[in-house]
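What follows is a group of structures, each given as structure tokens.
In the two complexes below, chain A is the common chain; its partner is chain B in one and chain C in the other.
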Partner chain A sequence: MHQNRTFALTAAAILSLAAAGCGDGGDDSGQDAGGNTTLTFVNAQDPGTFDKVIAAFEKANPTIKIKQQAVPFDDLNSTVQSRLGAKDADIDLYDVDEPRLAAFASRGFLEPLDDLRGQAEGKIDPNALKITSYDGKQYAMPRWTSTQLLYFNKDLLAKAKVAAPSSDPAQPITWEQVTADGKKAQDAGAKYGLIFDQVDRYYQLQPLAESLGGGPGLSGADLLQPDVTNAGWTRAFTWYHDIFQSGVAPRGINPEQTPGLFATGGTAFFAGGPWNAAAFDKEKSVDYGVAPFPRFAPGKPATSTDSWSTGISPFSDSKDAAKKFLSYMTIDAAGATATTSNNIPVQKEAFQTYLKNLGAKGERYQQIADIIEQSLGATAVSRPITTGFVDFESVMNKAFADIRNGTDATTRLTQAGQELDRDLAKYRTK
Partner chain B sequence: MVVLGSVIAVLFVLPLWWAAVSALRPQRETFATLSPVSLWTLLPRGLTIGNFDRLFDAEFGRALLNSTVVTVATLVIGLAICATAAFALAVLHFPGRGVVFAVMVVSFLIPFDAIAIPLMSIFRDAHLENTYLALVLPGVGNGFAVFLLRGFFLGVPVDLAEAARVEGLGWWGVFWRIYLPLSRPALIGAGLILFVFQWQAYLWPLLIAPDPEMTVAPVAIAQFAGQQGVDFGAIFAGAVLTALVPLLILLFFQRYFTQSVSSSGLK
Partner chain C sequence: MSTVPTRTSRRLGDLPIALTFLLPALLAAVLLRLWPTAKAVWDSLRSTALGVEPTHWVGVEQYRTLLDDPAFLNSLKITLLFGIIVNPLQIAVALALAVLFNERIRGAGLMRTLVFLPVAIPQSVSAVIWAVAFRPDGPLNGVLARLGIAPQGFLTSPGQALASIIVVVSWIGVGYWMMFLIAGLKEIDPTLYEAASLDGAGRWARFRGITLPQLRRQLAFVLVADTISNLLVFAPVQILTGGGPNGRTDLIMNNVFERAYVRADAGAAAAGTVIVAVIALAIVLVQFRLLSKGSD
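Up next is the complex of A and B:
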């Protein structure tokens, strides 16, 4: 049902591209008779995420109102693409998944924001500004970033007489050690040794290959040449295959179910994001510790990063008002702080406030804050900025799922490379 | 045979039972009892209405009301349109009748998703976005419902219509006083088709009515699956409530529905 829905939306989005154009439909005249402007902001965040920032902005700008349209998370990209393909002037601002920015910008679905970039320099993390740029132009304003860490169940490790991994941000445990310790924990009664939060998703698995020097999986000037069969990729995904084959990690579990399996106390290690901590605390049934995201023994530390940014539709009738709100939400320290939920802000002052507030919640959260600071500064690897990212991610996620289900990693990566070679050809000619 | 049938029937019911039970227990318990499967997978240890609380805190009640309004309007308007079209195609003789019927049959073979985007552009040009009318309109002209009703109308003896005409009854009277009363099972069957189309509509409401005030139940349920977590408890609760309505309707009307499908197309 869910897949059918996603397929239908994707098909609809593709159809809409035929009708897509790059024309500018906006003349900034989107005011009502009383001189008031209502901006529509399409996003897929949890309810309440933007309530504070919107209230503060509306108070300071009484003639501008912000109306939110919440779209189910899995359908955001395809819905926005379908509506903008039909030049829907009803959307003023929308959330952009950062690795998809290049595809949206190249199709003319994002208004260039170079004037806002000038204001943002020095206030927003330069890496975040870089990954929201394409072809030399700023196309969205970054709001948050992300990282990954390793959670472990203290009771299960103690029962297996396994030493807990260090929480020192500079001393990540190795994946080889995690596998061995996870197996010992299973022998001592744990149901599962290791679970990835976003199993089979490129976002979380990219650092495995990066840790072994395999790169992001794409090479060339426009990052449109597949490079998923090198030694780093092969070794990383042979390990991924083996943890499921040996039963250390469970098959048949969807990403939506994975946090619940750690929260119920039967899993020794869980690789996830800082946001998972709040959910684990809520369940109160697991005593857990935190450690930096592991690396491979012969490799270097690498962690996932990036998150959501916000862009302006080129078909909006109220671009100036939209820029005003976007500037407040992302560049202004007060706005960026008010926007934050469980995510990590990229506005520099808001980031420091976030770390301070996190650390104030207790020792474990201070450790999480330290890991966040270290990983974002030293080990973060962005997803490749390329027009072919959506195709690339789709092919790779299917390959990861097959490898998890028992297909030989070398064979499957070779097949994925051949698929990518065909699929990415259409972008190379443009 | 009876035992085998009963076992198969129970196997069909088990996933629905599990969903209903999961709506009434804490999310943690749903996951904790998943593996290994035991009696506790199917029986709740601690009952809670917390899932329903969160569901209605997110204004699911309004979404359910929107779905109800849209579906009822589609049923009433759609049945009127489909039945009159079917009557014309079955009883009235006019040039091009066969072509019109063929086009109608082809129309219901085209997936709605394939026409959703151009249709959205037309509706937006007419400023119908975020209105009940926009949600109702695509559901009222259902080719399959016309096909079904036409088949049933063809089974009504022509002599009845001719006798009525001789007695001075107009075509409208023939339709209203003879064909409709005789076609109750087919009307219920066609009504169920219209009902299911609207009740489970997802793509179209997402595109044409994205305002929070216009959200329909399937979209509201999907919004509980976020980036950083999925509220399975609320999703189960919403799914159970949303499924209850068609379940009750189907149970009540299943006899007519089966009859309508089996008898349409027979002369």
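Up next is the complex of A and C:
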């Protein structure tokens, strides 16, 4: 009887412990007894992206180990925000989406890196250093950048007897011409005339308004005043509304589905990034050409840009080791090349190596390399650096989706302006 | 000294064991229910943490701002409209199907399984499948074109998006609630129907006089559970429309989710959660009150 009771008590206690979810991963950061340091690097990249650079770094620095924690892109910001909000010392380095840098820096989530900036001058593209600083301080080290271009289906254009757009980086075709040619291609059998890769995301659509002089959509000293109803914005998004209204572009498609529509050969034009080319190469059904990202006839060329940077947590126990790794990954030519993966590096030597390797893959890739070089140097427009960017982007992305689905552009942009006025107020008073 | 325990000590002796066995359930209730609720109320009365600085007390100001926000009011309105349509619709269809499949007709078992089948598919998966079906160039419009009907906008049309969401959640919901009602129907004493038939009661009279009153307990459960589950619909909205077009499908949980995880406005999201919980409690109380009226 007594034994039974003891057993029952023990069993119940074990159950309770299990239910309470005890157990901890243990100590991850700082130095261990042998003087080795383990750095935790939180990022949202595909597995394998950093394997090369980490292996090279660990070989040169045997006392430092890099441990990666990969989180899905959509969860990265909330994960970092909640963990750093609790002053979690387990994160040493983390990936910062460049337009979100101002919000993180202003909240005290990023260690200032002005010493690294000194080392980086002359080695990293100055635009990339500018976009990763806030309030005059360097808060993260830029790793990659990005750009956009226009893909076209050669067969569909030939069938419609439409001249292919020039691949000369300095001679972008106009959106008006793309619309007209897309329509002709549809008349000759193409399913769709034109598809944007990221149909309702600010990243890809900002250049439409910028091409017509509409600016980024925010104005004022801290970029916290909405400015999305000016003539440039209205004209650009009325055009955007019309391409869906007239059926040149398809409604009801997610960004995940758009490249597939071009890859399977039914679409005349596709506006996307250099990263799309690899997927199109795999499909035998599409013979494609490349051209610079279009502009509006009365406007100037403008292209999306920027990408990921890496920052250091102010709560890290191993900031010096973290800086060493960060410097190798972004400032050192060999390190930056090893970090390139499928992206465009901003380290100058690594960038030249990237262009050379790209061009060596054939004529079409040489054209892509030329377009990348020209657009990054001459037409790139960064997203606004402001503490209110996340709210701004989420309001605008919804507005783009509604405009694409048929809501009048002027009405919807006015509504977005009112929403922004409300949402950004909390940053203005701070 | 005697070793035989007294009555009180024996009773007390069982208490620690009972308590320890109850502990997992109590801990779970505290950790998973009471603590999050208390935390939501606490967070809703404090400012949103903008970084590492501590939050400060804002009190009911949070609620005032939220209830002043046209986007939040719109989402309350949409949720109300959705609830008014979807709940009676699902329960009526589930009841009709339950009564139909409870009859001794050929193939009833198979039909019952087919109606129940969508329940086995996770909500998110079925939303992805419906997204393809609803695409403007998708199979549904293909069928309509065959019938000579003009293509519809479905999820991209402000007028049809909410109705499309109702179709998706009902596709899953109807089969689920039907099973509870069929179980209830099986419990009704067949002699009641026989007696009523002998008294000359027709099909409709038997349904109203016997089926409905005998099914009251199951219907009460289905009504309450269905209303609450429809108040908390989230995955189909997030996957299919993201609340659009023009906020026409911005159900309350989607609105709260976006505040919390897209805009990182924890305070407003907590206040939204508290409002949802209060609405849910109010609905349950009213429904229980109505259903207990006229019962024995």
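Methods note: the second predicted complex is superposed on the first by the 401 of 430 C-alpha atoms of A that agree within 3 Å, B and C clash if a C-alpha of one lies under 4 Å from a C-alpha of the other, contacts with A are read in each partner's own complex, and residues count from 1 in each chain.
Operating definition for what follows: contacts are C-beta pairs under 8 Å (C-beta built on N, C-alpha and C of every residue); 3 or more make two chains touch, one makes a residue touch a chain.
Quantities reported herein were computed from a predicted structural model and do not represent experimental measurements.
Engineer: Counting only touches as set out at the top, which of chain B and chain C does A:375 meet: first, second, both, neither?
Structural biologist: The answer is neither, since A:375 touches no partner chain.
Engineer: Once the shared chain is lined up, is A:85 touching chain B (first), chain C (second), both, or neither of them?
Structural biologist: Both partners, chain B and chain C.
Engineer: Quick one: classify A:147 as touching chain B (first), chain C (second), both or neither.
Structural biologist: A:147: touches no partner chain.
Engineer: Should A:310 be classified as contacting the first partner (chain B), the second (chain C), both, or neither?
Structural biologist: Neither partner.
Engineer: Using the superposition on chain A described above, determine whether A:167 touches chain B (first), chain C (second), both, or neither.
Structural biologist: Neither partner.
Engineer: Applying the touch criterion given at the start, work out whether A:37 contacts chain B, chain C, both or neither, answering first, second, both or neither.
Structural biologist: So A:37 meets neither chain B nor chain C here.
Engineer: Of all the chain A residues, which ones make contact with chain B and with chain C?
Structural biologist: Residues 5, 8-9, 12, 15-16, 19, 85, 191 of chain A touch both chain B and chain C.
Engineer: Would you mind writing out the residues of chain B in touch with chain A in their complex?
Structural biologist: Against chain A, chain B makes touches at 27-28, 30-32, 35, 58, 111, 113-114, 116-118, 120-121, 124, 129, 202-203, 206-207, 210-212, 219, 222-223, 225-230, 232.
Engineer: Which residues of chain A touch chain C in the complex?
Structural biologist: It is residues 5, 8-9, 12-13, 15-16, 18-20, 77-78, 81, 84-85, 87, 106-109, 191, 250-254, 390-391, 394, 398, 401-402, 405-407, 412, 419, 422-423, 430 of chain A that touch chain C.
Engineer: Report the residues of chain C in contact with chain A in the complex, numbered from low to high.
Structural biologist: On the chain C side, the touching residues are 13, 16-17, 20-21, 23-24, 27-28, 31, 49-53, 69, 71, 131, 134-138, 153-158, 242-246, 258, 261-264.
Engineer: Residues of chain A touching chain B in their complex?
Structural biologist: Listed in rising order, the residues of chain A that touch chain B are 5, 8-9, 11-12, 15-16, 19, 42, 44-47, 67-75, 79, 82-83, 85-86, 88, 90, 191, 256-257, 259-261, 263-264, 266, 273, 275-276, 279, 283, 285, 342.
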